[in-house]
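What follows is chain A paired twice: with chain B in the first complex and chain C in the second.
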Partner chain A sequence: MHILRHLQSDRAVGLLFIAPFVITALFFMVYPIAEAIRMAFYSYNPLRPDLTAFVGLANFEYIFEDPLFWASFWQATVWTLLSILFQTVFGVGLALLLHRALFGMAFFRGLLLFPYIVPTVVIALIWRWIFNPEIGVVNYSLIASGIIKEPIYWLSTPAMAMASTIMLNVWKYTPFVVICVLARLQSVPLELYDAAKVDGAGTMRRFFDVTLPQLKEVLIVVIVFRTIWTFNKFEEIYLLTKGGPGTSTFNLAVYSFEQSMASLRLGVGAATGVVMMIILLIGSIVYLRVAGFGENEK
Partner chain B sequence: MTKKFGNFPLDRRTFLGGMAAAGASAGSLFGTTPSFGQSKKTGTVRVWGEPGPYGGVGVAAMNEWAQKNAPGLKFEIETIPWDGVYVKLMTDLAAKRPPSLISVESPIATQMMAEGLLLPVDDMVDKIGRNRLVDGVKWDYWGNWKGKQYVIPAHHQPHLLLVRMDIIKELGLKDPETWDWNDLLHAAKTISEKKPNMAGFCMALGRNLCTDYHFAALLHSAGGRMFDPANKYQVVFDSPQTVEALNFVRELRPYMPKGAVEYSFLQVVDAHVTGQTAMSFYWGRTLGRAAEEAKPIFEATEAFNHARHPKTGRRNNWNDFQGWCIPAQNNPFIDEVKAALLYQQTSKEWLIKYCHSLMPNVAPTYKDIADAPELKDHPFYKSKPKTVDTYFRTSLANSSSTANEMLQGANPLAGYVHGRSVLAQTVQKVVIDNMKPEDAAKWGARELEAIRKENVRLLG
Partner chain C sequence: MNSASTLWKTVKNAMLYLILCVVTFLICFPLIWALSTSLKPKSEIFATPPTLIPHNLTLENYEALLTGRQQYYQAQGAPQNTGTTPAQFFTRWFINSVIVTLGSTLISIAVSTLAAYSLTRFRYWGRSAVPYFSLLGYMVPSIIFVFPLFLMMVRLDLTDSLWSLILGYVCITLPFCMWLMWAFMRSIPIEIEEAALIDGASRYQVFRQIVLPSALPGIIAASIFAMIVSWNDYLFGRVFINSIDNLTLTVGVMLFFEGTHVDWGLLMAASVLMTVPMAILFMALQRHLVAGFGAGAVKG
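Moving on to the complex of A and B:
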C-alpha cells in the first residue's frame, strides 16, 4: 500500500515524466561529453586501439603549440562574429518587413523557412555549383549584367572563400532569427507605439526606443544560440571549402575533424572539442552577464 | 540517342552488361581455380573499391564463384570516393566492421599492411603464379612487408601527361615525347598566350590526394623524395630537389586554370574534357570521360610519359599499384574471399573485362592478360594504340609512388602523409601563401618528421 501510494505521488509522476529526457540526455549528451573529456587525456589511434595510452595534458600542449590551432581559432572567431552580425541585422530587418499585415504575407513567411529546412549537404553542393567560377550562375549573372568582366574565383582565394562561407551561413540561418524576432514582435503591445506616436516619436525613434528594447531579451538568446551553433559549425565549411584554400577557412570543428580522421589523433581531436566547449561556456556566461539577461525577472 | 563507344555501336554500359553476361557462362578459362568445398555461410561480403566500374566487375566475378560454391553469399561493392577513404576506413574500423576485402590505393594498403591489419597472401601468390607479372614489375610493388606479401594485384594505374595534339600542331610546338620540363613550361605558356579562354596546363593544386600524387611525381623526377628507406626512413624532404619541384609548380601556375588551387581529381578531368585546358596530368580516366562526353577532345588527346627533368632525365609518374587486400580482424569470410579472389585472378575473361571496364585507366598486371589478343579487341586500343600502350606498358619504366618512392622500398608512412595532405599543403604554401619554396620544403619536412616520430613503430 505504501509503495503504491508512493508511486502515485506527484513526485513519482514528475520523475516518470522527466525520465525519458534524463535517459536520452545521459546517453546522447552526458556520455559523449564525458567520453570526449576522457579521450582528451589519451593517445588513441583507431587503427591501433591496442596502443591506447594515458598521456596527461600532452594533447592540450600539442594543440596550444600548433599554429594551425590558433589560425583556426581566429578564423572561427571572424566567421562567427561576421555571420552573427549579418544574421542579426538581416533577421531583424526581414522580421520587421514580415510583421506588416499585407495580403499574401503568410506565403512569404513560409517561403522564408526554405533555406532553414533544406539539408545542409544539399545547400552546400548547390552553392558549390552556384559559386563555380566557370559555369556558376553567380558569375554568369554578374558578367551578363556587365557588373564584372572576369569571373570571380569565389572559393579559390582565402578572402573570397571566407566571404562565401559566411554568405552561405547567413543565407541559411537568417530565417531562424526572423522567426524568433517575428514571434516577439507579434507580442509587443501596440499601446507602446501609440503612446510613442502621441509623444511625437518618428519611425526611427519608435524603432530604437520601443521595438529594440522589446526585442532585447529574444535577441540575447538568439545571439547566444547562434554563436554557439556557428562557432561549432562543421558541415557547411567542410562541404563548401574543406577548410581551404590552404587552411584559410579552417575553424576549430574542421581542425578537430582533421586531427581525428586525417591525422588519426583522436585524443587531439577530443582535446580540441573540450577547448571549444570551455571557450563557448565562458563566452556565453560573460555575454549573458554583460547583456543583463534575465535581470527583469529579478 | 545511344552514344557510341569508340567505333563500337554500343554504349559503355551495354558493352559491360553484355560482357558480364558472357562471362557468367564462360567461367574460368584456365581451369586452375583451386578446389573449395561448398561454403554454407550466408550473408553479404562487403568489398571496398574506388570509384569506377572495375571494382564492380571484380565483384561480379566473385559472385559468379559464389553462385557455384557459396550460394548463401553475395559479394557487394561499396564505392569509396578517393578523398573519403580515410574517413570510411576509420569509422568502420572503429566500429569493428571492416569489409572482408579491400581494393584501395597503394599508400593506404601499405600503411594497413605495416600496421598488421592485413592477412598475408603468399599462398595465393603461388596459386596465381609467381612468374605471371608483366615485365618491369615485382610483387613487392603491390605490397610486401618484411618478406610477406599482403596485396594481390588488381591493376597498375599511372598518371601521365595528356596533351591535346590538335593544339600542339596548330601552334607548331615540338613533339611532347621529346619534352623536358622547360619545353613543358614553354608549351603551357605558349598555349595560354595564344589560345584565348584556354589554360596551357592543369594539375591539381587543392589540399587533397590528387595534388599529393601530382606533386610527388615531379618531386621524384627531380630526384627528391620524402623518406629514405635505406636509412631508417629519415626525412629527406628538405632538399634542393624539393625546392626545384616547388619552383616548377610555381612557374607553371600562371598557365593553369585560376581555380586550380581547389582542384582535385574530378576537376582536373573536367578541365580537360570541357576544353578548359590543353594539357593535364591525369590517369586514363580522362580519356574514358572524353570518349563519352566530348568526342573531338577524345580524338585529339594523346598520352605521353612525363616531360624529362632537365638534369636527372627522370620522367616519373605516380603509379597506383592497386591491389586486393584482406583485413585480418573481424572478418568472417576469409576463406570465401580468398577462394573468390583466386577465381577472379585466374579467369582471363574476368581480368580482361576488368581492364576493359574503364580503358585505359586500369592496366593489366599479368603477362597473359597484357598479351591477350582479346585485350586489344577494344575501340580505344584500335584508335589510340600508342596512348594505351603508354599507360599499360611503357610508363612502367618511369613508375614511382609515394607508397614505394622510386620503387626502392615500401613506405608505410605514406598513408599518414596523404591523410594529412602534407605534400598538397606544401604546394599550397607556395602557390597560395606565396611562401618561399625553401621555407615550404622546411615546413613539409617538419610535418613528415612528426609523422615519422609518431609512427616509428611501423618502421621496424
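Moving on to the complex of A and C:
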C-alpha cells in the first residue's frame, strides 16, 4: 500500500517537473508556428485588423509571381553555396593547423574561435567601418600596396555587396566548422598515420587518403546543418546591406521581413515563411538521413 | 643526420607558428581595428595613413557613451545640437540587454533542467518524442515566428516592454537548452539517485542535492549559449520594442547611423562595450562551451 502511494506521488512529481516546459512550448513554440502557417492563408494588415480575410492560396500565388521572390531565392542560393564552400575549406585548414601539438596552441584556439561570439550587429558595424570606400582601412591598404588603383565600393555595388556579406558570414561561422572538425580529428587513430608513413605516403597523400575519409562523416553533417541555417539567415544580410543596394542581396528572410514590416503584408510574409519551412524540412530530412537517425539509436 | 632532422623540425615549427600568427592576426584584425579606432581622438580616426596603434590614446569615446553625451561632434570638433543623441541612452540600453539576457536565460534553464530530469527519470507516454520535437523547433528560424509572437504580445498587452523580449528569447533559447540538458541528464548515472531514494530521500531532496550538482556543467554550457543568443539578437528587439527607452543594445546602436553624422569612434567604442561581456563569459567558461558544441547545441 505504501509503495503504491509512493509510486503515485512519484509519477505526479515527474509530471509536475515537465509541466512548465509543456506549457511554455505550447504557448511560445507550437502556437506561433501554427499561427505563422495559418497567417499564410489570410490577408492581414496589422493596422486594419478589421479587413482580415481568408484568401486561400492567393499569398502563395502572389509570391510565386513576384520576380523579387525568385531573385531572393537565387541570391540566397548563391550566398549559401559560396559561404559554405569557404567555411568548409577554411574550417578544415584551420582545424588541421590547430590540431598540431605545439606550445601555446590553447591560446590560438581561443582567439580563432572568438568571432563566433561577437554579436552580428557589432560585426556589421565593424564591416561598414573597415570596408568604407573612402575612409576604410581595407581600401586604404589595397591602394597603398598597389593591388587596386581605384577604391572598391564594397557595399554599394551588387557584386561587392554580395561578396561583403559572404565574407562576414564566413568570418563569423568558420569557427563552428573548426570546432566540429577539431573534435573529430582528435579521435582519428594515430596508427593510421603511422601505417601510411611506413608505406611512404607524403603529407598530401596522408591528408587525402587518411584524414579526409575520417572527416567525411562529420563534414557531411556540418555542411548540411550549416546550409540549412545559412539559407535562412536574416541579420547577417539585413544589418550589413539591408538587402541592398536595391534588392541585390535580398534572401527569403529579408524578403519576408520587408513584406511584413515595410509593406505590412503579414500574410505574404508568412507565406514566404512557409516556403522557407518547407525548404528547411527537406534539408532536415537530408540531415537525418546522413546523420543516420533511425538506423541505430545514437 | 640527427641534428639535420632536428634543425628541419625547428624550421618547420617556426613556419607553422608564422602561418598561425598571420592567420590569427587576419581573423582578429576587424576586432583589433575596432578597438584601435575606439581609442583614437576624432582627428586621428580619419588620418592618412591610418594608425594601428593610436598615437594619442583617449577614452573620450567611452566617456561619451557612459556619461551620455548630448551633442554630435563634427570632424573638426565643432559641436552641433540635433536634439537627443543615441549616446544618451547607451547605459540604459546596456542595462535593458542585461535584464532580458539574464531573465530569459534563467527561465529557459530552469524550465529545461526540470523537464530534462523528468524526461530521463520518469516513464510516461510521449517522453522520448519531446527532445526530438524540441530539436525540430530549434531548426525553425526566428523570422518565421517573430510576427505571430508579436501579435500575441499585442494581445497580452506586453509590446514595448522588456517582458516581451524575455518571453521571446525564451522561445528561441528553450528548444536547444532542452535538447542539451536532456542529452546531459541522460549521461548522468542513475544509481546514486536510486540509492538515495531507497534510503528515504524525497524526489526534491534528490534533485537538489544530487542531480543539480552533477548537471552543473550542462547547465553552464546551456546558459552560455542562451546568453549569447539573447544578447546578440536584433530581430526581436527591432519588432517588439517601439520606445527608445526600452530598446536593447543591438537595436539601439543601429540608431547611431541615423542622421547625417556617423561617429565612427563612438560606434566602435559601443561595439567594444557590447562584445566585452560575452568575451569575458567566453574566456571564463571556454571549456564548457566546447563541451556544449559537442552535444550539438549550436544555434547560429
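Definition applied: the second predicted complex is superposed on the first by the 253 of 298 C-alpha atoms of A that agree within 3 Å, B and C clash if a C-alpha of one lies under 4 Å from a C-alpha of the other, contacts with A are read in each partner's own complex, and residues count from 1 in each chain.
We take it that a residue touches a chain if its C-beta (ideal position, glycine included) is under 8 Å from a C-beta of that chain, and two chains touch if they have at least 3 such contacts.
Model, not experiment: these values are computed from the prediction.
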Exercise for the section: Between chain B and chain C, pick out the one touching the greater number of residues of chain A. Expected result: C
Exercise for the section: Could you say whether A:156 touches chain B, chain C, both of them, or neither, answering first, second, both or neither? Expected result: first
Handout entry: Partner chain in contact with A:171 - chain B first, chain C second, else both or neither
Key = second
Exercise for the section: Have a look at where A:10 lands relative to chain B and chain C in the superposition and call it first, second, both or neither. Expected result: second
Practice task
For A:144, decide between first (touching chain B), second (touching chain C), both and neither.
Solution key: second
Exercise for the section: Please work out whether A:46 is in contact with chain B alone, chain C alone, both, or neither, and reply first, second, both or neither. Expected result: both
Problem - Touched partner set for A:263, first chain B, second chain C, both or neither - result: first
Practice task
Considering only touches as defined above, state whether A:85 meets chain B (first), chain C (second), both or neither.
Solution key: neither
Exercise for the section: Under the contact definition given at the top, report the residues of chain A touching chain B in one complex and chain C in the other. Expected result: 46, 260-261
Exercise for the section: State the interface residues of chain B toward chain A in the complex, per the touch definition above. Expected result: 86-87, 89-90, 93-94, 111-112, 115, 117, 206-208, 257-259, 261-262, 274, 276, 416, 419-421, 425, 428-429, 432-433, 457
Handout entry: Parts of chain C lying in touch with chain A, wherever the complex brings them together
Key = 13, 16-17, 19-20, 23-24, 27-28, 30-31, 33-34, 37, 46, 48-50, 107, 110-112, 114-115, 117-119, 121-122, 124, 127, 130, 133-134, 136-137, 139-145, 147-149, 151-152, 167-168, 170-171, 174-175, 178, 203-204, 228, 231-232, 234-235, 239, 249-250, 253-254, 264, 267-268, 270-271, 274-275, 278-279, 281-283, 286, 290, 293-294, 298, 300
Exercise for the section: Note which residues of chain A are touching chain B in the complex, please. Expected result: 46-48, 51, 133-134, 151, 153, 155-158, 241-248, 258, 260-264
Handout entry: Contacting residues of chain A [partner chain C, same complex]
Key = 10-11, 13-18, 20-21, 24-25, 28-29, 31-33, 35-36, 39, 46, 94, 97, 100, 102, 108, 110-123, 125-127, 129-130, 135, 137, 140, 144, 171, 173, 176, 179-180, 183, 228-229, 232-235, 238-239, 253, 256-257, 260-261, 266, 269-270, 273, 276-277, 280, 284
